[in-house]
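Structure below; questions to follow.
Chains: A, B, C and D, in written order; residue numbering restarts at 1 for each.
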Amino acid sequence: MQPVATTFFFYLLAGLALLGGVLVITRKNAVHSALALILTLLALAGLYLMLYAPFVAGVQIILYAGGIMVLFLFVIMLVSIEKAQREEQFNRQWVVGLLAAVALGALFVFVYVKGSALFPERMMLPPESSNTQEIATYLYGDYLFAFEIASLLLLVAIIGAVVMAKKRI
Amino acid sequence: MPDATKYLSHLELGQPDKTFLDSNELIINMGPQHPATHGVLRVILKLDGEKVLGTECVIGYLHRGVEKIAENRTYTMFNPYVDRMDYVAAVSNGLGYCQAVEKLLNVEAPPRANYIRVILTELNRLASHMLWLGTHALDIGAMTPLFYTFRDREEILKIFEKYCGARLTTHAFRIGGCLYETYEGFEKDVESFVRFVRPKIDEYEGLLTTNRIWLERTKGVGVISGGDCIALGVTGPVLRASGVKWDIRKAQPYANYPEFDFEIPTGQNGDTYDRYIVRMREMRQSLRIVEQAVNKIPEGPIMAKVPKIMKPPVGEIYHSIEAPKGELGYFIVSDGSTQPYRVRVRPPSFVNLQALDLMVRGQLVADVIAVIGTLDIVLGEVDR
Amino acid sequence: MLDYITSYLRMDATPGQAGNIFWIVVYIFVVFGGVSLAVVAMNWLERKALAHFQVRLGPMRVGPHGLLQPIADAIKLFIKEDIIPAQADKFVFWLAPLIILCAAFTTLIVVPFGPTHAITDVNIGILFMLGVSSLSVLGIVMAGWASNSHYPLIGALRSSAQMVSYEVAMGMAVVSAILMTSLSGFGAFGIGGAEPGTGTLSMIGIVQAQQAQHVWFIFKFFPLGFVALAIFAVAMVAETNRAPFDLPEAESELTAGFHTEYSGLRWSLFMLGEYTAMIAVSSIAVTLWLGGWLRPFPNGLSGETWDLIFSLFPGLTFLFLAAACFYSTARMPKHPYFRIQTMGLGAFGAVLGLIGIVLFVPAVRDRIQDIYWFVAKVAVFMYLYIWYRATFPRYRFDQLMKVGWKVLLPMGIGVLIVTAAVGISPEMLALLRHGH
Amino acid sequence: MPDETKSPTPPSPGEQKPAAEKPAVAAGTHEKPAAPARPAGPVPVAWESPLAAKLKRQYGSGIHEASTYLGQNYAVVDSSIVAEVLTILRDEEQFDYCVDITAVHYPQREKQFDLIWILYSFPRNERVRVKTQIADGEAIPTSTGIWPTANWLEREVYDMFGIRFEGHPDLKRILLPDGWKGHPLRKDYGIIQQDNEWVQINLGIKSGQ
């Protein structure tokens, strides 16, 4: 099926992602922030779909929105809301933060202007049906070592978390 | 000296409710309006996550001042009130009260009355255990046994209804014996009920006894040792499930229980599963007693000679019977007038409920529900 | 325009694949409406079946045999006062049931009721279903938190932990089934096992793989497929928060869990979401292991005669239901009070019979029987849900976690590894035999 | 553990077997069915048993009375030694089960309250009542250290009679609400009397009834 109204959906999703991002840092209520983050993640999943990467989109939903954000909420729910509301939202580091954001933005603009050769001329169109297989080939072929290293890293993190959480083992 | 702190823990509720992050403790209020607290029991739970650190029972929501009422009624007038305490075992309550006053009056119920009393009391024990089983299983999440037990309890209530016109708060007995002669076909009804209900008890057991989830939910849950039971005054099936073979029907028999051949089932581990097994076996023993009684029931008068206006001599008496929940005692002080000077009810549910804290400490919230169910409390009796 | 509409009917594709907007909309309405109707029917059936398990009659008053009870319930829920607790977080409280409902209904987009009877088919179909259905836990967590009350919060905590845990075991079972789509080798009892596919995540592709391999995956590599289905069947009960894993809404412990503070319409949205989710996960199980829309015994009882016989089943089923209705109509009490009910039941039977007769028309028959078999298989799982509820006590939370992590997950990983090993073994053997 | 069958330890010489243990009693000793018209009633007789003798030997005049009435034994003990007596009963005489603790109010008496402990011994299969008399406002040592079950029972006595138990870990009302005024089982508390003020404040019922 040919995509319909590509431009419209791109701007819609991008706008939603940005809106979510802004809400994440401006909401005082941590749960609302988390919900805004979920909005961003879902919008990103939509963008992945538009880039003909359905597998990545699916994984984005199942892992980030469905898994990790639930654990986020899990923790946030146990935090006292009243206390968080009283606390100052933007502390004195906001100048540094602003500078960093401006620097990053400048970098992006610079790269976009100067390094347009980096980007492909036309949109790459991998066949939709074999997209998932291609990811698998890359992941378990060319990048197998990196993949396994990442797994090991996660395993270390899991063990560390268990050690820290459990008083007695 | 027993270690007092083991039994006497109280929540320090004075401090403000801390937030979750500040401490891991969560104070949660269960009841008085809660589906699993069997009425209006309110339990304040101190939790660490789902683990119970301590409990405190708040009772009295159903307090009607039964003991005060007794002081303003004559002995006969007070008789129906006792049915309203443990309302699922009203016949047992009546038996205890009538026998206590009979003792005070120094009269004996005639043999036929005693047989009728034993039959009805044991049927009532069955009814009480059935209600317990249904609600206990419902608490643990098994819906179906509730309807099975209520279906069969209905047959018992029908016998009560035919005998004395009431189903729940029966007021079946009078001081000195029974008021009503058995109706036509009473023996046949009871016999056919016994035949009817035996396979039904197997049916309940088929649903639960070897059910894996049931075993996991009940084994090792709410363990209480025999020593702790005695220290806390816990009686009835709970005590017997902890391995103490003590039943007032055998230890200090009343009515004509010595004439019947029955056993006292006991458990070993004192956990919820053993209490379940003990009660199931008790139901079978009750059927045995009923069967024997109905076969041997003699002819004769059903009422002893008691004066119309009862004025027991000055004195006091304590009489206790084995109610379905445990030792139900009546302590009656007479000043020689028509009204008792003081009636004290020793309620088994009230005393048994005290063991809740010991039984659930260190366990999970779901176990609190299981333990409240297994203690088989009736709030009407706890609060009186 | 008419051409645009009719052109689809000649195509052998789902409306989504064909890109036919008109039929996409029609299918969306039909599927969502049909599932909602199924939820209503399921509501009635659950009450009735549960009642008969428990020596009761169940609803008998509203309509003959309580047939109109769900409608009465729906009206009651609609006109009930909508209460939002004063201390609740209003926005989140309002959003939570919607998220659950959306998550549950969105999964239905890729459910293959037949080779062409799905709204669309995407090549990550199963991943899409698992992903979107995992979003419903967000709704539960939000509902529990927004209620600003202890019982819903504990219910939400339990629920989120439970659903995240069982998703892992569920995923393992699903992966082993997906693996089977690409593996050649023996099927059950020597049946099938030909033509390995390339491996697919598409829901329709998975069923087509079973068709091509001449074996339902429950029987493939017996007992591996069966064990995987068993793991999935347990995990899916936990995922949908149903007995015996209904801890998040355990009424004896947490009153009603995460939806304690909800009432009226909002509460009914939770129920709708829950039952839709049940249908959705049952559809996954049917698609992955029970051959989706394929009729029973496609290999043993093949041939045109058998095809004809099996294609008569949908009509016969409806005629049987109609006959049951007529029988009940005849047995209705002959009292003026029951006149309307008797007439209603008779009319209901007549409608069912009419549908049954229509289903015998060859053109309709061929188009509809895929849907019939799919729905029948899903119905088996729905009945199992009721059966569990009537039979089992509830697990305790730590036991639930133990079952999830210590039993189902290792079993799932084991099945996955063994499936891979068995499937790959001929090639590996060849590799070993012929050297490197 | 107690004997399950009906074979309690043989009664001590002179001790009356409780009437309840003799079903279908034909000929009682002192409890013979009295004259039907107006039974004068049985009278308490002296409780003669090693236990009673021991207590009397140990405490002398501290034991005001040790009697048997209708086959039930009781001892009236001075309030100053009651805690000691109870401890001895549990530790030396195996009365390991405290059945009940209750009180009776006699407003016309100088020492207004009778406080009663009903005890049972599993090994001996025997019941005994310990009674003491205390005045209004007088406190009595708690027996929660002796039998943990005394906890709630004493709270109920406190709730209903206002008798304070010293050393009780959590002496507060149990059946009535915390702020309630008055102790309902006292004889001067009327049957329809209640704490109207409490009802007005907490339940919002204007009339207080």
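Assume contacts are C-beta pairs under 8 Å (C-beta built on N, C-alpha and C of every residue); 3 or more make two chains touch, one makes a residue touch a chain.
Every value quoted in this text rests on a predicted model; they were computed, and no experiment measured them.
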Residual chain clusters - chain B taken out, nothing else repositioned: A, C | D
Most contact pairs found between chains B-D
So, comparing C-alpha centroids, which chain is the farthest one from chain B? A
So the centre of each chain is just the mean of its C-alpha atoms; given that, what is the distance between chain B and chain D in Å? 22
Distance between chain B and chain C based on Cα centroids, please, to the nearest Å. 46
The distance between the C-alpha centres of chain A and chain C, rounded to whole Å, is 31
Distance from the mean Cα position of chain D to that of chain C, given in whole angstrom: 65
Going through chain D residue by residue, note those that touch at least 2 other chains and give them in order. none
Complex contact set, residues of chain C against chain B: 50, 53-56, 150-151, 154, 243-244, 246-247, 250-253, 255, 389-399
Interfacial residue positions of chain C with respect to chain A in the complex: 16-19, 89, 91-92, 95, 120, 122-124, 127-128, 130-132, 134-135, 137-138, 141-142, 144-145, 153, 156-157, 160-161, 163-164, 167, 198-199, 201
Spell out the residues on chain A that touch chain C in their complex, using ranges where they run on. 1-2, 29, 31-32, 35, 38, 54-55, 57-59, 61-62, 65-67, 69-71, 73-74, 77, 128-129, 131-133
Which of the residues in chain B come into contact with chain D in the complex? 1-2, 4, 6-8, 10, 59-60, 63, 65, 67-69, 71-72, 99, 103-108, 111, 114, 226, 230-234, 243-247, 250-259, 264, 305, 312-320, 327, 329, 331, 333, 341-342, 344, 346, 350-351, 353-354, 383-384
Spell out the part of chain D that touches chain B in their complex, as residue ranges. 1-6, 8, 18-21, 23-25, 31, 33-34, 36, 39-42, 44, 69-70, 72, 96-100, 102, 104-105, 116, 118, 122, 125, 127, 129, 144-149, 151-153, 156, 160, 169-170, 173-177, 184-185, 187, 189, 191
